[in-house]
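By letter and in written order, the chains are A, B and C; residue numbering begins at 1 in each of them.
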C-alpha cells in the first residue's frame, strides 16, 4: 500500500468497468470487427510474455501501433488464418487504478482466458495481466495502450484471436 | 462501442454486484434452498449450450419457468439425485450493463465454475456467459431471466447443482 | 437474499475493491515484502481447507497472528524455502459485503489462483473463498482477518507464496 487510492469518481469507475467488460465480451462473442474501436487512432497493443516484459526485452508475440494495424489483424484472423475453431472466454478481475486524471487513467487487471474447442474440455489459453493507459475521447474511454502480459510462455497451438 | 454506457446509479450498481455475488456464493456454499429466492415468481432459468443458443435452437440442458419449478429442482438435487459429491466455485466477471431503467436492468457477465472432488485436483466444470433480465421488487433486485450459456458442450459427468 | 445489501458508500466500495486488487497484484507480481502491510499489527491470516473450516476443526495449512509473523513468513519464502520457481495469478470476484459500519467491513469473495511454471501449461493452484474482516486505519483499509478457505484439499506440490 503506502499510497492512497487515486481518486476516481463513480462515473469514471463505471465507464472503466464497462470498457473492460465490453472489450472482453466483444472478443468472446466473436465480434472481432469491434476490437479496433476500443483503441485510439494511434495506440499500442501488445501481447508479450511476462519474461520478456520484466527483463525489458522488446520481443512481443503481437505488437500493433495504430487502429489501422488492428484492423489489418482482424482481417487476418477472420479471412486468412487457417485454424481449428474455438471459443474463448475472458474472466477479468476488477481494475486496479494506478492513476486517474484529466488526461485519462492508468490501470491494470488480472485475467484468465479459457479456450473451448468443439467436443473437448475447456482449457486455460492464457493468464496474465493487462497493463493499460486509457484516455478520454468524445466517444468515451479508449485504450491508448493495452499491453497483455501473459504468465504462460507455453501456449497450446497458437493465439489467434486477440486477448 | 458505438453507444454510450447506459446510465446506472451507484446504488443500483452496488445492488447488481451484490445480487451476482450473493447468487454465486449461495450455490458455492451449498445453500441451495436460497436459490429460488433470487428469482421472481414467474421467471426463466435456462442452462443452454452456446451452440444451440446462437443457432436459435430451443433445446436446453435445464429450463425452468417459475420459482416453483426451481424449488422442485432443489428438491431433486438435494434429496433424490445420486451423485459423487463435489464442491463448486464461481468466479464471475463484472456485469456488463446493456439497459437500465425503471423496470429493471439487462446485463450479462462471463463466468467460470470450478469443480473440486474429494482427493482430486480442481477442474473447469463450466465456462460461459450469464444473460440476465433483472427486475425491481419490494425485496430488491431479482432475476426475471437468468440464461446460462455455456461454451463447453462437453461436460465431465453431469451438472448437478445450478450454475 | 432475505436481508438488504448493507449500506456502503462509493468511496468505501472503491477502497475495498482497491484493497482486494492491490493485495492480489502484490502477490502475483512477486512483491512479497508488501504483503504484511495489507494487515493490521495484530491480525489473523489463515489458509485452511474448506473441510476443516466447515467442521470447525482448528488445523490450518498456515496460520499467523501478527504482522511480525507475516514478515517472518516472507523471509521464509524469499530467503530459505527451496522450491521450483513459478508465477501465480489471482482472479478474484467482486466482494460480497456482509457488514459495513464505522469499525469496518466484513466481506468475502471467491478466487482462483493459477500457477504457471516455466515451460509448462498454467494449472489451477487453489480455488476457494476469502473470508475477511477489514478495519479502517489512518493509512486506509487493512485486513484484521483474512481467512483463505480453499476447496481443493489436494495441492500439487506445495503452496509457497501466500494466497
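Heads up, the rule we're going with is that a residue touches a chain if its C-beta (ideal position, glycine included) is under 8 Å from a C-beta of that chain, and two chains touch if they have at least 3 such contacts.
Everything numeric in this text was worked out from a predicted model, so none of it was measured.
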- Residue-number overlap at the chain B/chain C interface, same or different (half cut): different
- Message: Rotating chain A so that its CA atoms sit on those of chain B: what angle is that, to a multiple of 5 degrees?
- Response: 120
- Query: What is the distance in Å between the mean C-alpha positions of chain B and chain C?
  - Reply: 26
- Touching at least 2 other chains, the residues of chain C are 10, 91-92, 94, 112, 123-124
- The answer for chain A against chain C in the complex is residues 1-2, 4-5, 8, 10, 13, 50, 91-97, 108-112, 123-124, 127-129, 151-154, 156
- Residue ranges of chain C touching chain A (in the complex, touch as defined): 10, 14-15, 17-18, 20-22, 24-25, 28, 34, 37-38, 87, 89-92, 94, 112, 114, 116, 118-124, 139-140, 142
